[in-house]
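Each structure below is given as C-alpha cells.
After this come two complexes, each holding subunit A, first together with subunit B and then together with subunit C.
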Partner chain A sequence: MNLNRTFLQPEKNSQPATLLPFRFVPLDELRYVAVNAGGEHIVTDRNAIESLIDGKLPVEHPQADDFEARHFLSREKTTIAMLASQIRTRLSGLPDFTGLHMFVVTLRCDHSCQYCQVSRVSEDRAAFDMTPETADAALAHVFKSPSPHIKIEFQGGETLLNFELIKYIIEKAMILGANRDIQFVIATNLGFIDEEIINYCRDKQVFFSVSLDGPAFLHDANRPRPGNDSHARVKNALHRVRNSLGVERVSALMTTTKLSLSYPKEIVDEYVSLGFDTIFLRPLSDYGFASRSRGKIGYQSNAFVDFFKVALDRVIKWNLKGTRIVEAYTHLLLRRILTSYPTGYVDLQSPSGMGIGALLYNYNGKVYTADEGRMLAEMGDDTFCIGHVNDDYGNLIHGSNLVPMLRESMVEAVPMCSDCAFNLYCGTDPLYHYRSQGDWVGHRPTSDFCFRNMEIIKHLICLLEDDRESREVLMSWMP
Partner chain B sequence: MILHSRIEVQDGGKHIRRVGQRVDDCQTALLAAGRILQFNDEEGIVRYIALPENLHPPQEGDILRIDLSAGTIGFLYRKASPHNALFITERCNSRCIMCSQPPRSIDDDYLIEEILEMLPLVSAETVEMGITGGEPTLLGEKLIQVIQSLKNNLPQTAVHMLTNGRAFKSQQWAKRIGDIQHQDLMLGIPVYSDIARLHDFIVQSQGAFDETIRGILNLASHDVPIEIRVVTHKQSLPRLRETALYIARNFPFVRQVALMGLELVGFARSNIDALWEEPCEYGDTLIEAVSELSCRGVKVLIFNHPLCVLPQKLWPYAVKSISDWKNVYIKECELCAVRERCGGLFASSEVRRPKGIKPFSEAPASPPQCPAFVTASL
Partner chain C sequence: MVWMETGSWQEMADGSVFIRLDAKIYSETAALKALHEVSALCTGTVSRASNSVEVRLTGGDSTLVENFLRRANDYVLREKLDKQTAALRDLILAHTFSKTDLS
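Moving on to the complex of A and B:
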C-alpha cells in the first residue's frame, strides 16, 4: 500500500472473537439463512455455519467480516449493547398498548359472502345493531388505552346501514380524544353511500376500506348479493367517493378463495386499473362460514403460496413499468426482515397483538381480542371473548384469558418457533392455531400459518439476494 | 496583544467602527480607501494597520483577529458566510490517513480563550456555526463552556460540531453534552467501516472504533442529535455498502448520514495513491450504500461530489457542501446548465481532477428517480 511511511499498515485481528447466539434454516438446496439475535440475516452455506460454530471460520473467508459486522461474532464490548438496542427497538411499540379499536355497528348486510359467517340479511335493527349505550361504554375503554395514536374502525355487517351510530361515535370520540391522534376507518361496500355520508366523511377526514376480490366475474362470485352486481356498485361508488375525498382516502382488501387461485395476475391488474397503490394478498381465514364451506372455497396452503408468488411477481412487474403498487404483506415482512422498527399488524408479532394491539366491541356489547374472535363466537365458541363493555377495563385485560393466551403463544417459547431462524420476522396467531389445531400454542409441523410464512419469507429473501430488479422495487416500498 | 473586533460599517464602508470586547473605550476606526484599519489599542494609543491585499474586505458584523506582536490579521467570523466555524484546537487523538487538517501536538489553548471572548460579538442572526479541529473534545471542560456560551449568546443559531466521538465512551461526558440542552446542536461523527480493524487503520488508532461506537450509543441515550460521516476512498469503498447497512441497523436514530468525497489537502494529498478512486467509477457502490440507508428511513446526503461524476439518480442526495472559501468551479463549469445546483469542486482538486468533469448542455427534465430512491420518513 502506498501510504506515507509514517502511517501504520492495517492490523490483523488481535482479539479472539466470541460466538454470539444465532439461528439458521436452509434457504434452498445450496444455501442457508442465518439470523442473529437482533434480526439481521446473512445468506451463506452450511460449511460456513459449521466452521463458525466450531470457531474455525478462516479470517480470509469472504463472509468473515460480514459475520462480525452483523453480530454473529463479537470482538467489541459494544456488540451486546447494539443487539439489545435492536431488540428494544423491535418491541418499542408495546408500551403504547391498544391502538386499534373495532366497533361492530351492525350485523345487517346486503351481501351473503361465502367466507363471512357473521352478517345477516335482515331488517331487524333491534336484534343486530349496536346501541348508543353500548357504544358509550366501549368508547370509555378506547380512551383507557395509553396509545397516542388511536384508530377506530367500523365493522359490519354493512356498516353504512347504521351510519347514525357511526356519526354518534365519531362525534363522541373527537371530544373524548381531543388530545390524541385519532383516525376513523369505515369498512364498507359503499353500496349505501350518499351525498350526506360523503360530505360528513370528507369533513371528518374519515377513511374507507372496501372489499375488492378482483375482476367482476371473480368478485361477484365471491361476494353474492341480490342482482349479482357487487363489483359494478363498488366501482361506481369508488369513483364518487374518490372525487370528493381524494384517492388516498379509500383502500381495498381482498380475500383469496379457491376460485381466486387461478387468477393472480387478473386480481393484481384489477387493482392497478382501479388506481389502488396497495394490494393485500390475504389468505382465507379458517373460521365460521369460511370453515363450513371449506370444501367449496378452501384450499391447501401450498396453493396459496404459489398464488402469492405469481401475484407478487405481477406487482413487481407493474412497479418496474413505472406504476407504483405495494403488496402490503410483503411490505410488512420486509420491514421486519430489513429493519428493527416495530410493525403493528396483529397477526405478525410476538406477543400477539390480540387485545394489546387491537380490541373488538361487538354489536351486542361483548368484547373480543380480535375480529376473528367474534366470528368464532358465531360458531358457538366464545373463547376469545374477554368480557362485556360494561365490565371494568382492568378486568377485561387481566381477568380474562388474554394474558395467558399472549404469554403461552409467544414465538420465543413455542416449540419449533423458539429455535426457528425466522421467529423475529414472523409472529404468533393464537386464534388461528386454536381454531385449526385445538389450542393456542398449536403444532408447527402441521400448521398452515407456519408453512405459509416460512415459504413467503424464504421467497422474499431469495428475491432480495438473487434478483436485482425485484430487490430495487422491494426496497423502494420501505421503510 | 490580540484584539477581537466586530466591524460596524458606516458611511457606505468608508468609516469602520470597531467594537472590541477588551478595548471598549476605543471607538472609531477609519478604513482609508477600504484598506487601512485604525483603532486604539489597550493603552489607548492609536494604531493603524494596512490590510493585506489578499484579505477579503471586512464587512459590517465581521470579526477580525488582530495580533500585533505576530503582525497578523485574519477573520474569525464573516457575517455573510454560511460556513463559519470555531477552530478549537490543532490537537487530535486520531491520525486519519486522509486528514485534511493534519493534527499538531502544540499548546494552543489560547484558541479556545479567543473563541470564548469573541462569541458575545457574533451576530445573533447567524444561521449555523461549526465547531472543528483537531478534536474539540480534547479541550474537556472548556468545550462545555463554548457550547454553553453558544447557547446563551446565539439562541437562534444551529451548531454543528465535528468530533471523532471517542471521548463519549464515557457516559458521563455524553451526559454533560446532553445536559447543556442546546436548542440545535448536532455532532458529526465519522464511522469509516463496519469492521473495527479497518476503521482503526483508517484513523490510525487502535481501539478507536470501539470508543466511537460506544460514544454514539451514549450520546443517543442522552438525546444528542448525531450525524455520521463516511469519507469515500480506496480504503473505505470496498465495505461502503456494508458500512451503510451497519449504520442503518445499529444507529437508526441518527439524524443523517453524509457520504463525503476526499479533499486533497493534508494527509489526503501525501497518501493520494493509497486513497484515490475515481468518483465516476464508484457510482454503483454509492447507489447501494444510499439504498441501504434510505430504504430504512435514514436520511442520507452526498457531500463533495460534483453532479457530473454522480449517477443522476443520486442527484437528489447531493448537497452543496464545500465551504465557500475553498469552493471552485472550473472552466468546464462555465457553460454547465446545472451549475446552480452543483456543489462544484474543492480548490485543492487541482492536485487531481476527477475524471468525467463535463458541462451539461441542458438540465435533465426531472432527475430520474429509480424506484429504490423514494425518500421516506418514519
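Moving on to the complex of A and C:
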C-alpha cells in the first residue's frame, strides 16, 4: 500500500496529491456520481473516474480541480482529519441515544382508515387505553435516556380520546425532565379538539401533527368516518388551533394511497391553500390493515417514485411563484447530500434509529423499537417487541434482539449498500426488510426501499446538476 | 454492447448465458457482486477455472449480459480503488472515533 501515490497534477503545484477513498454509482446512461468519505459528491463520467483511479486524469480535464476541491484528492495531511470530522458530525446524534419516545395513549378511534394498522372503533376504554401506571413506568424509561433533547409524541388511535392521560404524562414529564429540553407532539385528526384542550396545549407549548391526505374528496376517501366529513372537521379545527397556538405549532402528515397517486398536484395545492409551509410525501407503510388492504390501496414503488417527482415539481413551482413550501423528505436528503449536519429521521439512519433513536410504549405496556413494530404485532408478529415497561431499562436495550438487529443491518456491511455511493445519504430499515423480505438485512436488488431511495436521491442530484431554477429553490431550503 | 475487459460469452442451448472472464482482470468477488446486483433479473452461478472466472446466467432479457458486465466492470474498478485507499479509509475512521469511547 502506497499512501503517497502520485497523481498527474497541474504543474502549478509540485506537491503530489494522494488519492482519497470514495464510492461511485451510475447516475444515468451517461453519467456517474462519486461520493467521497465525508459525503461530498461530484457528477462525472466513468472515464474520469477510471483515469482518476489510474492516476491518469489529464491536467486539462475540466474537473481536475473539482476532484481536489471536493476532497477526492489531497495534498494536505489535514484532509484526513477534516473528513473524519465530517463523518463524526454526521453521527453526532448517536451518543445522545433515544430522543423520540412515543406513547400510544389509546387505540380507540372514530376513523376507519384502510391504511391504518392499529386503530379500533370501540368504546371499550379498559381494553384499548393506556393506564396511568403504564405511563409512569414508561416515563421512567424516557428519562433514563441520556439525550438532552426529549420528544414525547402521543400516538393513537385518536389520541384526544384519552386527553386526560396526555395531560397526566405532560405534567409528570415536566417534573421528571425539568433539566431537559422536552417537546410534546400530539398526533391527531383534531376531531375531538375543544377549547379546554386548545388552552392547555397553548400553555404547555404542545405541537400538533395532523393527518391530511389532500383535498376533501381524497382525504375523505382515504380516511372514512361516520358522516364522511373528516376533511371539513380538520379544516375547521385547524383554523381554531392556529388562531390560538400559532401557525407554526401545527404540522400535517399525508399518506399516499393508490388513489393519491393520481393527484400529486392537487395534494400539494391543498397544503398550500391551507397555509402549510411543509409537506411530507410519505409512501404507504405495508403493515397491518394496510397489508390486508394492499390490493385496494397499495401500489408498486415505481408508481410512488413517479408520484413523488410530479409532486416535488409542483412544490418547486410554488416556490418559484413566491410561496415557500418545503418537501420534508427532499429536505432531509438534501441536508445529507449537501451538508454534514446530522438528521434525526429514525427511518433512514445507519445504524437504524430503531430503539436508539426512538422507542414506542404501547397502550398495553409492551415496548417496541419503532411505531411499525407495534403495527406488525397487530398481525401476530412480536419480533420488534423488546420487552415491557415494567422490565429493567438495561434489559430492554441489551436483553432483546435490538443490538444484533442494529449491527447486522448497518449499510456499511449490507451487500450492495456497502459499495453504494449513497450509503452516507441513505440508511437502513430492518423492520421494512423483515416485513417485506423475511429478514432484517434484506436483499437490496429486490428491495422497494432501496429502489425508492436510489431513484429519489438520483433525481435530486439530477435536479441540482441540470435544472438551474430547481437548484436555486432546493438550495434555498438549506441552512 | 458494453465493453468487456477480457473474456467472451455465448448463449447456451438451454437458454442460459455462459460468460468466461479473464481471471487476471476479474476477481470472483467482482463477479459475485455483479451477479448479486442483477439477481432480481436472473439466477446464476460463479465458479473459478484455471485462468478464468466462469459465470452462468439463467433468465432475464436481451440486456442481461450488458447489465452484468457493466456492473462487473464497475466492481473491478472499485477493487482497484479499494486497493489504493483502504488504509486511508481505515485511518479516517480511526480519526472519526478517536474522540469517543468507541475507539
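Quick note on the criterion: the second predicted complex is superposed on the first by the 468 of 479 C-alpha atoms of A that agree within 3 Å, B and C clash if a C-alpha of one lies under 4 Å from a C-alpha of the other, contacts with A are read in each partner's own complex, and residues count from 1 in each chain.
We adopt the following convention: contacts are C-beta pairs under 8 Å (C-beta built on N, C-alpha and C of every residue); 3 or more make two chains touch, one makes a residue touch a chain.
Being a predicted model, the structure only gives us computed values, none of them experimental.
Colleague: Just checking: does A:Leu338 make contact with subunit B only, subunit C only, both, or neither of them? Give me first, second, both or neither.
Modeller: First partner only, subunit B.
Colleague: In the superposed arrangement, does subunit B or subunit C reach more residues of subunit A?
Modeller: Here the partner covering more residues of subunit A is B.
Colleague: Which of the two partners, first being subunit B and second being subunit C, lies in contact with A:Arg407: first, second, both, or neither?
Modeller: neither
Colleague: By the touch definition at the top of the document, which applies to A:His239: first (subunit B), second (subunit C), both, or neither?
Modeller: Neither partner.
Colleague: Counting only touches as set out at the top, which of subunit B and subunit C does A:Asp65 meet: first, second, both, neither?
Modeller: Only subunit B is touched by A:Asp65; subunit C is not.
Colleague: Pick one for A:Ala81: touches subunit B only (first), subunit C only (second), both, or neither.
Modeller: both
Colleague: Where on subunit A do the contacts with subunit B and the contacts with subunit C coincide?
Modeller: 1-3, 81, 85
Colleague: Hey, which residues of subunit C end up touching subunit A in the complex?
Modeller: Touching subunit A: residues 33, 36-40, 70, 74-75, 77-78, 80-89, 91-93, 95-100 of subunit C.
Colleague: Using the touch definition from the top, list the residues of subunit A that touch subunit C in their complex.
Modeller: Within the complex, subunit A contacts subunit C at residues 1-3, 5, 18-24, 26, 37, 49-50, 53-54, 80-81, 83-85, 87-88, 91, 95, 415-416, 419, 443, 445-446.
Colleague: Given the complex with subunit A, which residues does subunit B contribute to the contact?
Modeller: Per the touch definition, subunit B meets subunit A at residues 95, 97, 194-198, 200-201, 204, 206, 209-210, 213-214, 217, 239, 242, 245-246, 248-250, 252, 267, 270-271, 273-274, 291, 295-297, 370-374, 376, 378.
Colleague: In the complex formed with subunit B, which residues of subunit A make contact?
Modeller: Those in contact with subunit B are residues 1-4, 7-13, 38, 40, 65-66, 68-70, 75-78, 81-82, 85-86, 89, 319-320, 324, 338-341, 472-473, 475-476, 478-479.
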